[in-house]
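Across the two complexes that follow, subunit A remains constant while its partner is subunit B and subsequently subunit C.
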Partner chain A sequence: MRKTEQSRTPAYLSWGMIALVVAGALWWLFAPPLPEWLTQFPAPKGLDNAVAQQIDAAVNWMKQQWASFFDVFTWILRKILGVIESAMVTTPWPIVVALVLLLAWRLSGLRAAIFTAACLAYLGLFGFWEKSMTTLALVAASVLICVVIGLPVGILCAKSPRAKRLLEPVLDVMQTLPTFVYLIPAVAFFSIGKPPGVIATVIFALPSIVRLTALGIEQVPAVVREAADAFGARPMQKLLKVELPLALPSIRLGINQTIMMSLSMVVVAAMIGAGGLGLDVIRSLQHLKTGQGFLAGLAIVLCAMALDRMVRGRPPG
Partner chain B sequence: MTNPVIQCRDVWKVFGALDAAVFAQIRAGTASKDEIQDKYSCVVAVADANFSIAAGEIFCIMGLSGSGKSTLLRHINGLVAPSAGDILIGGENIARLSRAGLRDLRARKIGMVFQNFALLPHRNVIDNVAFGLELRDVPRPERLARAREMLKAVQLEAWEDARITELSGGMQQRVGLARALAGDPDILLMDEPFGALDPLIRRQLQDQFTRLCRDMNKTAVFITHDLDEAMRIGSRIAIMRDGRILQTGAPHEIILSPADTHVAAFVRDVSSKDTLSAQHVMSRVAPGEMEQLARLPGILPDTILSEAARLAARENQDLPVRDGSGAIVGVLRVSEILTALAGRGQYAQN
Partner chain C sequence: MLKYLKTTGLVAVSLVALSAFAEAKTTVTIGELDWPGARAIEQVLKQVMTTYLDADVGTIAAAQEALYEALDKGDNSVDVVADMWTDHLPQQMKNYVLPGSRQTIILNDKSYLGTEGIFVPSYVADELGVKKLADLAKPEVAKLFDSDGNGKGEMWAGAVGWESTNHTEVRGKTYGFDKTMEYTTVEQAVLLAQLKDAYESKKPIAFYYWTPEWIHAAYKLTQLEEPPFNGYTMDSAKGTERYNANGCYTFYQPAERNDWLEASSISCGQPPTRVNIAHSKALAERAPQISQFLKQVALDADVVNQWILAMEVDKKPVEQVASDWIAANKDTVEGVWLKGVK
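Here is the complex of A and B:
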């Protein structure tokens, strides 16, 4: 009895609803057009242009004022890249193959070594050897810089909640800002070629290693930290002998992520003259050569997979 | 008492943002526990703890979870700083130590064993044992030799290269004990070390621990929630509840004269067969009884109850208690032994 009473809508509500619908329909049919400020957001004319011009001016100013700084920075990047690339390109391929396979075997076991061998065979047979070495040199330089910067910053984030609060939004921006947006100033500051490619890659890939390092250290059990304290560990000893070793799986994952993200930037970096496998993809796109594009794309994928298997380490057990 | 190794004087620990006025109220006892928690969002973990521990003692702190016993333990090596009061190690107030001085104290004077072992899973057994020495920059061959010695002391010498995860819980805790002993500290802090282990393993480790403490002449503070364990290994026991030490005394003192109803409730079910001795349970010799007792072989006043019960069962009668010279000091009645073993009531001394 009660139930039916409750489920019945009161009469005034039903009538009210009908009236609303009718009024809405009448408005739709006969109302005068809305004023423009309601249908379109009243954007002040020329605001975007003015701000964009200011940013341009700022970039130009920085470019001129800090030219020597950027030049030195670019020079250092070129040197690092040069050393890595010439080492990989000028070393006879059998030696590179042997070293890479040995590394894969030592790091991650026989299966990873076999898979890596297959990938290298593809790169060699389809004529991608030199280009892939160029690409891998770019990746290696980016990853090196990411680790050198990311590891300490990650440790800082884990140790200081304040630093973490400050850096968190910066990392978010770095990860989500479309690459092309900072590619333009990167070219402005570092000219075209490989250095801006490395810079863009580092900006894109750095957050993951920072985050995973911080996460790894934060996950060290409090009681193990306490034990280190109880045995009189200095802060540095605690970091090096307890926290970093226990955070290693997470850090390793971070490096893995950084490598993958660097490889995913290869095509974008090729647009500003970084060369390598990405250049082949872009050329195929420009000339609508599906087959060539596919082969070059597959070369990038295989590089990524081989590196992933190598860095991932031995399966447990 | 000779110079105490560890001394706690009027130690208070209150967690939460604490201002002087609130603390004064808490100390005066005018604010109730709920009031402190709700109104000032503070928690009193340790309230006015006082004790001193002599060299070679095993001092047990017994209490249920949340009684503040682990927090109190962490005051002794400065992992937790008191809100008020002093902690003295070998007569030295640890609050006056510099950071480096405190680290040195922890590294050289105090070893600690944790309930969930807190070993380093990325190291093998021997490198875990040598960890404290490594922190003190002891050269590798030397620290490994010392660690090997400690592994031998806990009978794990065959496992030095094993990974921590390969060991059972009891073995892991023996590694923890070896790690604490490796630095040759005077003091061992044991934070419910055997709480996570099976009863049988626990019993073995208790015996091993008391033996090692005696042989190596260590002073230990041992936290437990198990009164039987405290009775078995403690030379003295402090019973804690809601941050307060209710009673401190030797095991038989706690059993014979519990300070209040809470202690009495803890003691009710504890087994007294290994804690009490003949002198605690015996009664005066009634007139006319002496003649018969004089013909019987006696037992010493410090014979433990389980042993006395066995003898009384064999003789199947009340036994005289004789002191060292053979004089009869009391009579141990079978009915009293049974009452004591059943574990109820209180036994007045003599």
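Here is the complex of A and C:
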């Protein structure tokens, strides 16, 4: 066995490190207290309040100027949601069950259908039927919007590095900015109820489908692209017949992640009046009904798993 | 043929118009808050508006902050919030209620009074002798509330962002328990879970709370004593009946000034909190008679407490609590609340 000289840390470096640690320990033991500007970051007093007030003023201005534009947008969204929800809530449950099971069986096979049936049975037996339909209507609308926006944006990101550089920080903000930071001020634009619930959900869930679509297309091997070019495929043909089909597993994963993230937003959406299963969770916790809270939480989990198994597709083979 | 079509069309149109007319009830949406007192008030208002004012009353549940924003927006997604603790919501009061603001939220004329303070389970007060809030400044008393073994006690100051959380911090500075106690600002639901555990194992626990509220029916609690409130000293209170230049109560919002904690000082109990029924200006314009009714509703803490007890101790459904009370108090409802409303 032969050791290369490079893989070992040079002796003078390790001695240096030890000396540094010893010096640090001695300092910590005997040194005089550090001056304040070293222990505390010298933050200018009042900077935070001053900036925050500017933001307040900007938000107030936006409220007055833009509210009527968003009213129209919110109204349209409310109508669409109303249609989806009343379709799901007012349709007699046996028909919904039959349709869902048929869909699960056709899309993903018998096992998925059986699992979905078990989930639906739980929702029905524990009295969550109507609420879970409300929640699923919200999730369905959110996922639909995510796919409609996310797929093209994902393709754009894959095709144009500049667009990707621009959109990357936006996606980061969408995924990490705590929802309540923008949700309460956004009431002035989107009111309360289901529309802001959908908007919050889309903001949170959209980045994953954009990222995974872009990733799927970027990962199409260069040789395959060259072959398509060699056969004289036009850019649109190449995209639709070569790249998208090859990116499909990744896109499917993106949709799956979008569904999961949408359902994890159900509780937050309930805080701005979207109702559904999330409201049950909040109410139970406020009144120390741990058991009730678990049942409602489990209902959300099962909705997510059933949807996931449904759209996952047939197992290979 | 054409004539036949015309007639059918006319009939259809008039039928639609008729049905629209028949459905022309005023719809009122109440924003649901999740504490029992609020639920009882909401239910009473709902039943009175349905029976006497022929309104179609719906509800929507959302976080408080969102409800007030929606009242201000006035798009009829929410028309009424039945239990507004006005002294806890200075920003909303300043922006939406008080003269000189946008005045998009209207309050009823007479508020009922809630109280608040720092509470301990009664076994702590009786067996360990902790009776006064100032006692917490003594290290040996504070140690009783120490649950993580660092020598300092813990107390719940209220949830993050609550007005009361800042009040507790200022009291800590004034009474001196900021050196012996640590504040926790977990969510209310988490505190309630902690209280339940502590109560069952008879461990000491100290926390901010208020009346009327159901936990006083579920547990025996004692409020730690403080000197009585004798007035605000802030300039902003000048001209109000609670102003007193030599008062015991000086409090500045963190948003008002950066040195709010150093500048504030509270050496007495909290004054009673005014609790109101709020409705939007949009509702007042759309349905003046309902607005008039909502302004005339007058509650007092005893009545609200009585509802809470019926719900939480006797386990009566809130609908029944409300209808029983309305039936037994027709004089108040018809003679005072609905006076001059038609």
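Everything that follows uses one rule, which is that the second predicted complex is superposed on the first by the 278 of 317 C-alpha atoms of A that agree within 3 Å, B and C clash if a C-alpha of one lies under 4 Å from a C-alpha of the other, contacts with A are read in each partner's own complex, and residues count from 1 in each chain.
Going forward, a residue touches a chain if its C-beta (ideal position, glycine included) is under 8 Å from a C-beta of that chain, and two chains touch if they have at least 3 such contacts.
No experiment lies behind these values; they were computed from the predicted model shown.
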| item | value |
| --- | --- |
| Clash-or-fit label for the pair subunit B, subunit C on subunit A | fit |
| Contacts of A:Gly46 with subunit B and subunit C, given as first, second, both or neither | second |
| Partner chain(s) touched by A:Ala67 [first = subunit B, second = subunit C, both, neither] | second |
| Touching partner for A:Gly24 - first (subunit B), second (subunit C), both, neither | neither |
| Which of subunit B and subunit C A:Gly127 touches, first, second, both or neither | neither |
| Subunit B versus subunit C, judged by how many residues of subunit A each one touches | C |
| Which of subunit B and subunit C A:Val242 touches, first, second, both or neither | first |
| Shortest CA-CA distance between subunit B and subunit C [superposed frame, angstrom] | 48 |
| Overlap of the subunit B and subunit C footprints on subunit A, listed as residue numbers | none |
| Of all residues in subunit A, those that touch subunit C in their complex | 45-46, 49, 52, 67, 71, 183-185, 187-188, 191-193, 270-273, 275, 279, 282-283, 285-288, 290 |
| Residues of subunit B defined as touching subunit A within the complex | 77, 79, 103-108, 110-112, 114, 116, 118-122, 131-132, 134-136, 179, 183, 189 |
| Subunit C to subunit A touching residues, read off their complex | 31, 34-35, 60-63, 65-67, 69-70, 72-73, 75, 77-78, 188-189, 192-193, 196, 255, 258 |
| Of all residues in subunit A, those that touch subunit B in their complex | 221, 223-224, 226-234, 237, 241-242, 245-246, 248 |
